[in-house]
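After this come two complexes, each holding chain A, first together with chain B and then together with chain C.
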Partner chain A sequence: MSAPALTRRVIASAPVVALVGALGLTTLVMLVVGVDPTLAYPALVRGAVLDGNLEYTIAAFVPTLGMALAFALPLRAGEFNLGGDGQLAMGGVTAAALALLVPLPPGVAVVLPLAAGAVAGGLVAVVAAPLSTRLGIPAIVSTLLISAPAVSLASYLVRFPLAEPNTGIAQTPPLPEAAHLPALGGSGYLTIGLPLIAVLTALWLYADGRTVLGYEIRATGQNREFARYGGVKVDRVAALALAGGGAFAGLAGALIVLGPPHRFVDGALTAPGYTFTAVAAVLLASARPVVVPLTVALLTFLQVGGQGMEREAGVPSQLTQIVQGLIIVIVAVLATLRARRPR
Partner chain B sequence: MNIFEWSFLAGVLTATAPVLLAALGGLLCQVAGVFNIALEGQLLWGAFVAVVVSDLTGSAWTGVVGAVAATVLFSALLSGPSVALRADPIVVAVGLNLLALGLTAFLMRQIFGSGGTYSSPDLAGLPDLGELGVDVPVLRDQSPLVPVALLLVVVMAAWLTRTRSGLRLRAVGQHLDAAQAVGLRVSGYRHGVTLVAGALCGLAGAQLSLGNVTLFSEGMSAGRGWIAVVAVMLSGVRPYRLLLACLLFGVAEAFGFRLQGAGLPQQAADAAPYVITLAALVLAAVARRRRRSYEHA
Partner chain C sequence: MYAAELVGVTKRFGPVLANDGIDLAVARGEVHAVVGENGAGKSTLMSILYGLHRPDAGEVRRDGNRIVLRSPTDAIRHGLGMVHQRFRLFPGLTVAENIVIGAEPVRNGRLDRAAANEAVAALSERYGLRADPSALVGGLPVGVRQRVEILRALYRDAEVLILDEPTAVLTPGETDRLFEVLRTVAATGVSILLVTHKLSEVLAVGDRVTVLRQGRVTGRFTASETDADELVNAMIGRSLTPPVPRRARPPVGDPLLEVRDLTVRDADGVARLSEVSFAVRPGEIVGLAGVAGSGQRELVDSVTGLRGAVPGVFLAGTPVLAGRDPRVAYVPEDRHGRATAPEMSVAENVLMGAQRDLASRWTLPRARVRARARDLVDRFSISAASVDTPIGALSGGNAQKAVLARELTRPSTVVVAEEPTQGVDVGVRERVHALLRTARDEGAAILLQSSELSELRDLADRILVLYEGRVIAEFPGDATETELGRAMTGATG
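Right, the complex of A and B next:
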């Protein structure tokens, strides 16, 4: 393909059109409510990358990418995992409990809580699999229904059995030094979480495209009956995909808790909205896994920049949620328009 | 029966009403073969607009009308892409739920100057039936929208089984080709039910923010729209069963309040409606499966 043709294809691609459309509509919202876009957007960029904020953006990128995998992996098998918040919170609280209650040698003290968090997240998610494959309850409903009590349970554990005594704040005591994620360089916020999630993403991309299991997951997602006919154990594949997704969410929770400020603060995992930022990013990537890290980076940039916009230009940061919602709707519309266009 | 139990029943009815109104909209969509999971966002949007309009005009009923109108408009964002353009209704709905969450939180800060929870003496809530002269113990402290919701169950049941348009709507949902063959405008029916569901979610939102309480707080729909989706799944698209499913949720929520009063942590009360709804969904699905394998045997 020649360079201009490639450029044209990138510009007309669904993610680019959706993003431009969503930003256009958001600018419209700004103008309607009387916000000056020429002040708001530079504040957004500064909030995301300048004045030492790039560190926060990268720190937020790690859990968002984890949550993107948590949504994308089951989606490849045709199951909607909207229960990310519950899996995230249970992963985080499991990791915190293990780090606080069990004295572990250095090294193991990091690895074991991370693994336990992933297992906990996977267990929360996998419950939805038999409900979907055996009882016909859509995962989009069951994961969401399971998520709310899971968040409540984590919140209860943090407020009562695991609470820091005599402070009245809903948080655990600081985790022991050995359980802190090793920092990268001299930075306070960058930890080995970043390379870890990068490696796991690469593994997922490889598995999705080049392994039998990845093929079976995709076949299950595209046409379950045909996959079954072809000898794929579709129920087991769907369960694996949901468990894998939940494990990524649980790991993301564990990474947040073992990173600074090295404790589980109630609400700190679910309040930043990692789950739905990730959902928007995955849908924006329109089923092309390789693009997922890019769209996650982009939406994390908007999310963190949104907070800078709030500080500097007084524009509520919820504007970024509006952008995400619009992106999802536009992507859905573009997908159907493309499918109908003659080739 | 003593006052304690009357107040519990009244609490059940109060908790049921917004979910029931939204679920009636979801049921109507289900009848026509539209899987509407944007109820949560529409409920939240309706609750927000009801409070804004009531606050501006000082009239709760204007707030209700505003909420219905604005939520019908919002539901056009679902019916347009998903019915006319045939975009994936699930993905569109996920986007709209997120949009409603962001839009209400954003506009709340723009209009009221701060986030979190807004309440004010200027904000007119819906009157109690007791003030309007209804002296029945369970209904005394309810808003007029509560009996309206119950009445709509009866109306919808009768409409779906006894009228020409109701039967046609069911034909659209049950057998698309047959409905088209007899000349029904399928997409017209589907647009219609999606917009009517929007109106019902607007009522549900107004009942939540001006009836159950008189305030707006961010994300105050708190999963009720999803519970309504489950109620529709439990109902087998029959309005009276839908009422039972919604009452089950109402009992769970009212019971959760009592548990909290009895010293159990708030988290248990928060989780109770979800756990009970999910349990009901699983039991119903298991029962259906049993019945089916029995018939096949």
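Right, the complex of A and C next:
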């Protein structure tokens, strides 16, 4: 393919169209509500990457990427995992409980809670598999429905059995020093969580494209009947994909808890909306897994920058949620149009 | 003056020239057959006439006037109607509701059901297409559903009716009735464009024939003055090789596939197969005939293991394995639903089943996957731009060749083929038959299910007839179509 042709393809690709469309519409919204875009956008950029905010953006990028994998991996097998919040919270609370209650030697004190968080997230997610294969309840429904009680369970554990005594605040006591994620920078926001999630993302991309399991997951997602006919144990593959997705969510929860402020604060995992930012990022990547880290970076940038914009330009940070929502709508419209176009 | 004309129509999709300066003219009240191999450009041409595609060059005329079609809505307004291969009906609505949709008689802002039923009844009467206006479409046989599609087009005052492969889904009896209907409709002055690749149909019902090959018109004939050989020549640019004589030597050896007293019940406990028993020996093709829904699907799913470890099915003497028994090569009828994942590449589609053999431990090297696919593409002469092309972008015949390439290169001794030449043209059909004969000669035991009796007669050593889940008759391979047809309707003796 020649360079201009490639350029044309990139410009016409769904993510680019969606992003440009969404930003255009957002600008329109700004103008309508009387915000000056020439003030708002620079404030957004400053809020995300300047004035020492870059570290914070990266700190938000790590769990968002984890949640993106939690949605993207099952999606490859044709399963929608919308229960990220529950898996995230259960992963976080499991990691916190382990770090608080079991004295562990250095090193293990970090690794074991992370692993336990991943297992907990995986277990919460995999419940959807038998519900789907045995009872015919689609994963998109069951994961979402299971999520709310899982979040509540985590919240209960933090408020009562694991609560910091005598403070009345819904949070655990600080985790022991040994369980803190090793920091990479001075501020402590940048931890080994970043390289860890980067390596796991690379592993997932490799597994997706170049392993037998990755192939069988994709075949199951593309046409389940075809995979079944080809001898793939589709129920097992789908369950595995859901469990893998849940494990990424659980790990993301554990990473948040073991990072600053090194405790499980009730609501701190779900309130920033990592789960649905991640869903938007994956949909924006439109079935190209390699693009997922980029779209996650972009939406994290918007998310964090939006808070800066609110501080500086007085633009409600909800505006960035509008951008996200518009992105999903535009991606969906493009997908429908493409499906309708006759060959 | 012609009812509809396509003049110098050219349409290009990327590097593919689908239509190259095609002229086609349909007179009033004529049944005009458009034939050609898959990929010859028939569908594109009809899509242009129905407003689904815009031509790059050339024009469409109605009654001599140039018209511009931007959508099917435009086409309908200009009196063009189309019956698609896959019906576009609402199973939960009645016949009348399906027909009037888009132009409903309305009273007080609500659908006037009585008026709709009356209009539909009048329409059926006028064209001799019997259909109960108040029946639910979901409960109707395929032949009647097709009639509803035709009535819908006529209700919208179609004067030119396009039918895309209308007989692909019909039984021989329904096909005959459809042809009567087409003659009746044409007699009222409606022009009919019949897209097909079955030459017998062209000769049976067509007035004139236009043959396409590689996007160009390669022949125009009057049906009564031509014959199948002449049409084949125009379609594929050469004559078909004469049929291979049936092999004289009877198959010997222990059966590779044996079915003993197989009874299969559906979820409601209704028997879909009852006490079916037969055996297929190495080097033998056993044909399976029967009207659709006589238990073919259940039998094939039992034999391949897709129904689980069903008691009564034995492969080389041992019970069938649940899931997908690797000892069976299986060419499914449903090409896009079961046989392929249309959006995956050719390479990844022909990989299915061999992924573990090609892997070293966990990894599946892409180079190896693509090299194997390229080898199959060459050996089975599949025309695809590359092995990375989505298989859904291939023509039906090439996709089918890819499925056969995958299945026949499996290390299997039993081959199950379901409608292996459905929707493919004569050239591919010939090739598919040759492949099955080769597999047979190499000692495979083949179970061939087909609704085309001529195909069974060409290939099978024996033909079993399924009727309501039972094998009610067995014929030698040279049984007449009349004999087989009678048995298919349950008439024994």
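One rule holds for everything that comes next: the second predicted complex is superposed on the first by the 336 of 343 C-alpha atoms of A that agree within 3 Å, B and C clash if a C-alpha of one lies under 4 Å from a C-alpha of the other, contacts with A are read in each partner's own complex, and residues count from 1 in each chain.
Keep this in mind: a residue touches a chain if its C-beta (ideal position, glycine included) is under 8 Å from a C-beta of that chain, and two chains touch if they have at least 3 such contacts.
Fair warning: this is a prediction, and the values are worked out from it, not measured in the lab.
Under the clash rule set out above, the superposition-derived model of chain A with chain B and chain C contains a clash between the two partners.
Shared-chain residue A:185: touches no atom of chain B or chain C. In the superposed model, A:105 lies in contact with neither chain B nor chain C.
Applying the stated contact rule after C-alpha superposition, one finds that A:137 touches chain B and leaves chain C untouched.
Of the two partner chains placed around the shared chain by superposition, chain C is the only one that A:218 touches, whereas chain B remains out of contact.
In the superposed model, A:168 lies in contact with neither chain B nor chain C. Once the two complexes are overlaid on the shared chain, A:326 sits against chain B while remaining clear of chain C. Counting residues of chain A touched by each partner, chain B versus chain C, the larger count belongs to B. After overlaying the two complexes on the shared chain, residue contacts for A:52 are found with neither chain B nor chain C. When both complexes are overlaid on chain A, the residue A:228 reaches chain C alone and has no touch with chain B. In the superposed model, A:210 lies in contact with chain C only, and not with chain B.
If you check the complex, the residues on chain A that touch chain C are 209-216, 218-219, 222-223, 225-233, 342-343.
Chain contact summary for the complex, chain B toward chain A: residues 37, 77, 81-82, 85-88, 90-92, 94-103, 105-107, 109-110, 115, 223, 226, 229-230, 233, 265, 267-268, 270-271, 274-275, 277-278, 281-282, 285-286, 289.
Listing the residues of chain C that touch chain A in their complex gives 13, 47, 52-53, 306, 323-324, 326, 330, 332, 334, 337-344, 348, 351-353, 355-356, 359, 362-366, 393.
By the touch rule above, chain A contacts chain B in their complex via residues 29, 33, 80, 82, 131, 134-137, 140-142, 144-146, 148-149, 152-153, 155-156, 159-160, 276, 279-280, 283, 316, 318-329, 331-333, 335-337, 340.
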